[in-house]
Each structure stands twice: as C-alpha cells, then as structure tokens.
C-alpha cells in the first residue's frame, strides 16, 4: 500500500454539516459557502460564529453550516444581526444575502447598519436576478438583460438602472472595509477568500463594518451552462460591477499588510 | 413603601430596566417617545444595548435577533409604527422567541393623530401580522398597573416563548401617578438552551420561522395552539368592581375602563346596581367571568375608545343572553365620565332586547353628535 | 372625597409644573392622585393645561368635564373654563393676564394679580405658585402646609434656592379669598 504517499487535497471543511445542498449545479453559492467555512475554520471561529440567512436561494444556508444560525425576514438580516451582535458582542456575526434581499427589500437596513458602523460582516451575493422565485429582475439586473419580469430586456427608461451596491455602501463613513470580488475562476475565488478573511478579521478586531460583494452565477435562471455562465459573468457583469476595493480604512490597511 | 410620581412611558422604561432588560431597539414616534428617550440615557449608562433604529422595521428585526439570544429584549412604538412591526412580530411568533412590544396607541387610521386611542384592539388581539398566532396582550389602566404588567410581560414572554404586547394609550403614557417600582434585579445573561450563542446548549441551534413542508408547518401550528390553550387556562387577569350584586355590567379596559369606573360609581350613588368588568389580559380574554355575568345580568354596556372592536368579542361571549349596549369615541377622542353616565341611563331606560344592534344604534347617535363631514 | 383641578395657560407659564407640585403634595399626604397634561401640537407654543385629580379612593377618570377647580392663567383659559367649573367649585383667575372678571355667581372665584406679585418677589415665573397658593388657600383639599412641604421635598437640588421665594408666593396667593 502506498499510504505514506497519501496527501489530502480536498475535504469537507469543519464548518460544514454533512448535508447535500439544494443549490443548482454550477451555482456559485456553494463556492461562497465553502470559502466562508474555510476562513472561519482557519481563524478558529467556528464555535464562536452566528450566521444570519436571508430570504432567497440561500434561505436554507443554515442547514449547511455547522454553527448557530438564524433565518431573517426578507432584507432584514442586517437589523437582525445588529440585535444579535449588540446582545452578544464577542460573537462573530455575519449575514449572507442576495441582491433581491439586500439591494432591494433591505436597502434601508443595510445602509443603516453600515452607517452605524455595526461590527458585523455582510456577504452579498450579486447574480443579477431573483434566483429563488424564478429569475425576476433584480436591482442588479444589467441594462438590456432579459429576466422573467423584464422579458424584453431591462429598459432603463422605465425599469431604472442597476445599483452598484459596494460603491454605494463605500460612501458611508461607518463602513470600514467594502470590496467586490468575483467567483468566476480560480484566481478570483482565491482573491475572494482573502477578502472574506480580511472582512472577518475586521470584525474580530472591532474595526467596524465589513462588506464583501461576490459576483456570482445563476446558470439555471440565466439559461446557460455553468461554463458559459462564468464567461458571461466575466464579459458582462465585471464591466458593470468592477472588481476592486472601494473602502479600506487606514486601520484595515495596516491589518491587511500585517496579515 | 417609597412612592414616585412618574409618567407612564417612563415608568414602563424604568421597570424594564429593573427587571433586567438586556437590549432595547426602537424608533421615535409620539406618544411613546419618552420611553425611547429614557432608555437612550439609561441603557448605555448600565452597559446595556440600545439602538435607535432606522425604522420600526429595523427596530423589530433587531429585537428579533436579540430575542434569538434568549436574553430580555423589548421595543416600543405607537400605532403606525406597530403596523410596520407586524412583520417582525409574526416572524418572532413563528420562531417561538420571547420579546416584549409596547404599543402606546394613538388615533387612526393612517397617520391619524397623537391623541389616546384603543383603535388597535383588533390588530393586536386578533392578529396583525400574517399567519396564525397569538400574542399575550396586557392592558394596564394605571401607571402602577403598567409597572406591574411590564414585569409580568417579560416573565410570560419567557415562560411561553411568545411575544407579549403591553397595550397602552397616549393617556397612560403621559399621565403621572404615584407608583412603587420593583427592586433592581441584576440582568440574567445565562441564556436558555434553545438560544443561539447560549453557553447552556449542547448542539448547533437553528432558529427560523420557515417550515417549507406544509405537514411540518401544521404540526408546528398545533403545538402553538396547544401552548395557547395553556395560556388561556393559566393567565387570564381582570378586575371587577361592584360585581357581586350587579344587575348591569359595564365592560371596558385600559383608559376607557377607568373612566367608566367614575360613571359606575356615580350610578351606584343613584342606587343603580351596576358593576364594572375591566379585562387586564385582552388575550387571553376573561371569557369565564363574562360568561357567568351573562347568565344573570340585565344588560351590558361596552365602553371603548374605538368603533366597538372588543364589543364583537363581548357579543360573541354573551351570545344573546342579555342586551348589549355600546358607547365608543374614535379618532383620538376620549370620553368624559358624563358621556358614559348618559349611556348607562339609556341602557337602564331602554326596553330589554337581546337582538338589539348595539353598534348601529351607537353609530346613528354619533352621526348626530359629531356629524359625518358630509 | 375627590377633587379635580385644571390649570391652564400659555406654554411657558408653568402650568404643568404647578400641577405637579400639587400632585406631589397629594401623594405625600397619602392620597391617590393623577396628573395628566394636554399634549399635542398645542404643546409647541400654544395653550398648555393639565388636570390633577386627588382622591382618597382609586381614581377612575383622570380628566373631568366639570372640574371642581380651575386656575386660569390667561384670557383664553378663562373663556374656555369659566362655564365648565362645577357649581360650588373654584375659579382662580390671573388678573395680570385677563381683561375681565368671571360672571358666574354659583362658583367661588377670585382675581389674583399673580404676575405683579411674582415680580415683587423677584421672579415673574413664580406667578404660577401665587395662583396655586390662592387655589389651595380657598379650596383646602389638602392638610395645612402640604404644598409647601412638597416644594421643599421634591424640588431638584440645583433649584432649591428658589424654594423660599416659591413658598412666599404660595403664601401671598393664599391671602386672596374667593
């Protein structure tokens, strides 16, 4: 037997339960979940974390993570996280929200939480549509993009313009770390993980509100193969939603350098 | 006994502190704002959590989060704000987490006005949010009762893992009366085992109101209904005045109830055998005592500061065993005892008719009294 | 025995405070008492009034259509409340702020130049205490000296220096017999 040569290359992170997810094949929610589980495991925070799930495709996220979780009303996750964090300030508290949840229904809650400098981490999944309800137009839907509620393509004259959420949140003094990353290829996934690590460290060090927007795919509702969905993300979403750091407070900069 | 002269809103806030409030989340709205202002100073002073939220939606969902930790939390608002909070209240009911919500009711509908009202009875007692659930509803009629019921509200919320609503009005919020406040208790930071982040749990905790499979939702609802039966059995509270030999009974709660007391006493002085039933718990409702009274009373007069919302409950319990009369003021108007005295006279002088249309007769009189704006 | 007192004037005349002093006095004498302000948009610069009810039994209504006593600090209050005072009741009028006397003959009323007296005492803001003194001096719903004792017991430390003047104001007011 060659047991001395066996190297573990891939295993289930400790932050996951042994549950099969309900996500569609090729969806990047699974990638985002895994990155969060890995980061919290590496930080030794698994037993100290409370997650807040949204209404949307990630509504059952609490089934997949191995730590305490609550399920918020649509859009209200930042308010619920505020209630938890203010009551249990030593816990690591994060919300995981989609674009319908955060950028439409919950715009008031997210802006207010960021403005207060709430010591929570927000993970924002931008896939340009309402996945759970069948692919309707979201605040993030691109101009001209066809969805089940913009069948002729989003007409900005009557249906408005997409919201660049990270840029908007970055304008708030209370936000300490606001970045956008993408999950469309391995290099970007690695960078996304680094950003998530920084975001959770910001919270751990009491440095304020941290926000990571993750550009994600929705092959089912986009009507594409997983591979084509990733190419579409790269070609069409990134020009509208550039990857970058929109707010890194001085203290966080030091932290990022040190880390 | 050291008494303090204190406003209802501040009395509720101070009592909540003394019985171990860990967190408060709210939003300014008249006529409850003193409660929020009071806690904005006192909570940080005591190292406890206070957030003036971005909206009542924000506030109630912060309470929802805090309630999931199992530690004492509350919010307060007034009618329009309570409407916004219905979302979170329904979610808390669906998640079985304890919280206290204070509603200092004002005149409505819509923006209405800031005057005292009982127009939220139906909303609070019979629903409010979506889905099927119950709140325990406590209706104080004095500042001392508001103090006592605030302490009780937290105990009941925890005992039954339910949302408890303290249903006040602008009068009770603004009124000063001498009260005896409870002893200052240390906060209890030891959370129950069902709570997130609890030191007393042995496994991962998930708190959610979603039951994606209808059979599971039905089982949950049966469990909640069964718990409500327990509440109905154990937690009914009311106060009776002069009921022993009463031939006529006035039914009123909160401010309307105490104003009616003045009228009932005046009628007693004239030799009329009349009593007052003042429900303190509106949910669970004091059904049994009203049932007993219905067997012997010659007539009931329901007095409210709304269009007869409790009247419907009394009508269904009395079930045509006695004639029912109604007197109500709406839109933030508060009755003087003299008006209720007139209604008592009318009840006593009218032909007994168990089928009479109490609301219809009252409304016709209101059209004459205040007009229809036409 | 129950007494209902309405104290009414412009915002800033100390109507609410005068009511609270009276409520404290009743509380300290072991009576039941309620104090309720008019509140609302009129709080902001318009008229302000409060109702105090004192009783030896549990108080029902904290308001009264026909109060036993009214202190009217200005003309609108006199016009509004003169017709409402219960027969045999008391109406104390701030002579400094009105241009007429009451016309009712079935109540006890008295004109008190409260602002003038308060100015003599050194602070016009004590007019409310002059009128409160006149009320209790006539109605005598509380034991002798109860209001003075309440002022001493419940005035905040930083305002204690005004207590002797306020007590003098009460006494000057009590000299006016309805």
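Per-chain numbering from 1; labels A, B and C assigned in written order.
Everything that follows uses one rule, which is that a contact is a pair of C-beta atoms (placed from the backbone, for glycine too) under 8 Å apart; a residue touches a chain by one contact, two chains touch by 3 or more.
Because the structure is predicted, anything quoted here is derived from the model rather than measured.
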| item | value |
| --- | --- |
| Chain nearest the global centroid, as defined over all protein CA atoms shown | B |
| Comparison of B-C and A-B (more C-beta pairs in contact) | A-B |
| For chain A paired with chain C, centre-to-centre distance based on mean C-alpha positions, whole Å | 64 |
| Inter-centroid spacing, chain B versus chain A (mean Cα positions, whole Å) | 41 |
| For chain B paired with chain C, centre-to-centre distance based on mean C-alpha positions, whole Å | 34 |
| Contact footprint of chain C on chain B as seen in their complex | 3, 5, 31, 113-115, 170-171, 174-178, 258-265, 334, 336-338 |
| Residue ranges of chain B in contact with chain A within the complex | 22-23, 25, 49, 51, 53-55, 57-59, 61-69, 71, 73, 87-88, 91, 95, 196-197, 204-210 |
| For the chain C and chain B complex, residues of the former touching the latter | 20, 23-24, 27, 32-37, 39-40, 58-66, 154 |
| In the complex with chain B, residue positions of chain A that touch it | 17, 50, 52-53, 59, 62-63, 66-73, 76, 79-88, 91, 108-109, 111-112, 116 |
